[in-house]
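Chain naming follows the written order as A, B, C and D, and within any one chain the residues start at number 1.
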Amino acid sequence: MNSPTATLLVSCADRQGLVAKIANFIYSNGGNIIHADQHTDLAAGLFLTRIEWQLEGFNLPREYIKPAFNAIAQPLQAKWELHFSDTIPRIAIWVSKQNHCLFDLLLRQQAQEFVAEIPLIISNHPDLKVVAEQFGIDYHHISITKENKHEQELKQLELLKQYNIDLVVLAKYMQVVSADFITQFPQIVNIHHSFLPAFVGANPYHKAYERGVKIIGATAHYVTPDLDAGPIIEQDVVRVSHRDDVDDLIRKGKDLERVVLARAVRSHLLNRVLVYGDRTVVFE
Amino acid sequence: MNSPTATLLVSCADRQGLVAKIANFIYSNGGNIIHADQHTDLAAGLFLTRIEWQLEGFNLPREYIKPAFNAIAQPLQAKWELHFSDTIPRIAIWVSKQNHCLFDLLLRQQAQEFVAEIPLIISNHPDLKVVAEQFGIDYHHISITKENKHEQELKQLELLKQYNIDLVVLAKYMQVVSADFITQFPQIVNIHHSFLPAFVGANPYHKAYERGVKIIGATAHYVTPDLDAGPIIEQDVVRVSHRDDVDDLIRKGKDLERVVLARAVRSHLLNRVLVYGDRTVVFE
Amino acid sequence: MNSPTATLLVSCADRQGLVAKIANFIYSNGGNIIHADQHTDLAAGLFLTRIEWQLEGFNLPREYIKPAFNAIAQPLQAKWELHFSDTIPRIAIWVSKQNHCLFDLLLRQQAQEFVAEIPLIISNHPDLKVVAEQFGIDYHHISITKENKHEQELKQLELLKQYNIDLVVLAKYMQVVSADFITQFPQIVNIHHSFLPAFVGANPYHKAYERGVKIIGATAHYVTPDLDAGPIIEQDVVRVSHRDDVDDLIRKGKDLERVVLARAVRSHLLNRVLVYGDRTVVFE
Amino acid sequence: MNSPTATLLVSCADRQGLVAKIANFIYSNGGNIIHADQHTDLAAGLFLTRIEWQLEGFNLPREYIKPAFNAIAQPLQAKWELHFSDTIPRIAIWVSKQNHCLFDLLLRQQAQEFVAEIPLIISNHPDLKVVAEQFGIDYHHISITKENKHEQELKQLELLKQYNIDLVVLAKYMQVVSADFITQFPQIVNIHHSFLPAFVGANPYHKAYERGVKIIGATAHYVTPDLDAGPIIEQDVVRVSHRDDVDDLIRKGKDLERVVLARAVRSHLLNRVLVYGDRTVVFE
């Protein structure tokens, strides 16, 4: 785990020899593969793979890996990414008034359940500034109204640039992010407090209570312009009964939101998530 | 379990002394309560209870219990039912072509997981006649088309009368039952192969696959004219991943359909389910 | 929820009229029952009940309820407790070096998921003093060795008296509490990081990994002199696979420990747990 | 799925180039890989892989694949197996008196949830002969006593030879198989009705009830001379409460036994299970 690794995420049209081609690229350069996962979506005729190898003893200098692999990827018209485990991603957490997901992510980072820097918290309310201070993180209160939304989003984008942010985590931000924003900053993970696609939109727990469901859920997904319709990364559920009123659903749901969002963020940060169409492949 | 019991299901506006009133009615007649469950829906201001007591040593003859309790229930404007454990309910199972839920229910009845007679199987296809014969149950093939639906439903109702059926179980019947039918025979439990309210209607597994969910579910509910919107009795879920194609979802889902439908049927037969509005109280 | 309530927990040999007797006691004094749960353990011939009613409008002054109910309970040779919802229980949290359960309980109390005061944290290590300070709670570092265990436990007992503690929560305390201590202070809830009775004792995650289980669990139980054999309040599990090494089991297990301990503490504080023999009845 | 495939299961000491070597072997012979899974147990320094490719268009005739791959495997001192998807494995199901797992496996085979022939059922009781007849399967009643166990096991082995059996499934056989037998026929999957290693041996549900657990489980594992200690293939659990007596545990457990055994048998038949030490890798 300690010595740095490189990870390739590749997706392309399925054809013979893909595993061999990629494995040979690493082997022929003296790399030792520690994880190799493949998936073939037979319906879509798509091949997806994640390969991680130790950089120690790898003959190619880091800066040459990209061009070298490009020579393989281009003829395959492959979509691909390269990541180094010692390049620490930078996260901005966006919150509203609830602190449970924020605390959860900050404590997991402290406990090194995932490796990332969290230099920035953005909120449309001042309430959680105290938590940010507790953890020594900059807190920017940017209140959003129908009128000022566009200009405020420009401020938010400015901050993401300024703090050199790789990933935005909407930890119960409770606001819709505009399509424009997403186009300019697409790396956004959101936690929705329902078992999507059930109960899209606002007040899912109230809707779940009204419907009299026996199980509630939470869903972590990438944000797309189509509300609550982005590619799902992780979901989980918990049983409820007639004894649970809306407040109980909210309380039980908070435990789901915490773990589901944390698992999704961790999988993303470990480069285990590949998106294609509206779907994800998550290599556990 | 062995000596016969009586069970009262009561729901009425909440007020002081309801538990005492009902408990006294049984105690003052020498009844020994073996199960007493209450639920108060504070939002709805509704009190719901299930009380079961041993008939052995109960001073009131069976035929006098109804009138005697009515004297208590009427002033409360209570909705209530009385059931005797040795009155065996009669079930009609409706199927299409899939046999897994049918076999499951028949084997559970054989294993006495619930107490009921199953004298009648109705299907819009001839395929499962062989299963009916295997278990010595009458099988009626009533094919349904847009044109003949009304007259065929009259035949179905006729059969339910003829076989003196108390409960219809739609064990993957794959047909919509008309509002007229439901009005005339409201005691219908259906298994829907999704985690309702997600994926209402046809082909839920295909829709779930398209949406890329990480968990699929099944839902047992009472049938109402509003499709897949009836009061939910039981739900359960199973985890899926990108490795599961539609056929895998269908295969995994069948195990859910089996157990979810069986639990719902059993709870109904044990008179543990109270319906109010679109919701159920299920006293486990 | 807001107006204060009284809760009776009663267990006694099963006999006719128990529900009526207790309900009448409350009704005849003008009490409005908001929750009534019963359970009869037919094998043990034991009746257990939890009844909660609003004190508003109840004719008996609080100080008279105990003697009045005693007149009913004595002839039944019943074990019983009386609790008032506005008497806030006081908790001491005992920890070692891990902070996840401690943070979790403190944040849940802040979020009012349960109502209790937490004036005292005791640890055999200094590490978590910073967390105590963060939340303004007294932190006592009492290091334990084979040699000093007895005298240190006397110090611990002294602190529990001094802080007027009702419940000790072992939130990953990682030490065995002596039988003497338990005799003098029996109200102790512990979280064990395995699906008891599997993997009793130390290093359950390592043992689980060695055994190659596909599911790991956590167990919250009352502490008894017999190690990890106390009455179980709550358990939950999570799926693992060959991809999870011991560190992954520990990481996944921490999420279980958090929620399982929190649920158990909450149920205890809401007076929903009755213990008989080595078993519990938890009225959800 | 339809066109026949070959599957290699390989485990050996981890070293550079293993993925490349194996992938090249298939690619260089014109094979199209449809599934490739690897796992490296870093602690054990062991590499395990499962690779499946289409035989259509593969240049090596079937009978040459083994020797050809052996030339690669030998220098690696690899343990390996080769399977063809159109070689249908033959199963003997061993039962005692309970029919739920037997029916379940037979119906799943009928529904083609897995591909296998089931020509033989062996039991120490005559009770389930009727089920065997219903499905047209030979049923051999071989009663076991302390005295005759050895000779009866010889009869059983004789039958396995005679019916050319590849896998024995103990579907609630409720008998211990001797070490001698296992040595001569090691391919045995058993369903144990507890969450192993909790409640090893007889009457696990009674033990679970006594212990007052809140969750029960079932475990499918390969049989080894050490009772209930064999490599675990699959486990699952279900929640229980104080309301569940031993009979309820048994009833709820039967649903677990069914699905857990079925999943394990299916994974084994799809050659997705690799055993090393007391552990399994199950490539989902």
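Assume a residue touches a chain if its C-beta (ideal position, glycine included) is under 8 Å from a C-beta of that chain, and two chains touch if they have at least 3 such contacts.
Computed from a predicted structure; not experimentally measured.
Trainee: How short can a chain-to-chain path be from subunit B to subunit D, counted in steps between touching chains?
Mentor: 1
Trainee: From the centre of subunit B, which chain's CA centre is farthest?
Mentor: The most remote chain is A.
Trainee: At the interface of subunit A with subunit B, does the proportion of residue numbers present on both copies reach over half, so same, or stay under half, so different?
Mentor: Subunit A vs subunit B: same; shared/all numbers exceeds half.
Trainee: With chain centres taken as the means of their Cα atoms, state the distance from subunit A to subunit B in Å.
Mentor: Going by mean C-alpha positions, subunit A sits 42 Å from subunit B.
Trainee: Approximately how many whole Å separate the CA-defined centres of subunit A and subunit C?
Mentor: The answer is 37 Å.
Trainee: In subunit D, what residues contact two or more other chains?
Mentor: In subunit D, residues 42, 241, 243, 284 touch at least two other chains, as defined above.
Trainee: Quick one: in the complex, what on subunit B touches subunit D?
Mentor: Those residues of subunit B that touch subunit D are 99-100, 103, 107, 111, 113, 134, 241, 243, 251, 254-255, 259, 262, 284.
Trainee: Which of the residues in subunit C end up touching subunit B in this complex?
Mentor: By the definition above, subunit C touches subunit B via 16-20, 23-24, 26-28, 30-38, 40, 42, 239.
Trainee: For subunit B, which residues count as touching subunit A in their complex?
Mentor: Its residues touching subunit A are 39, 41-43, 195-199, 210-215, 217, 231-237, 241-243, 245, 277-282, 284.
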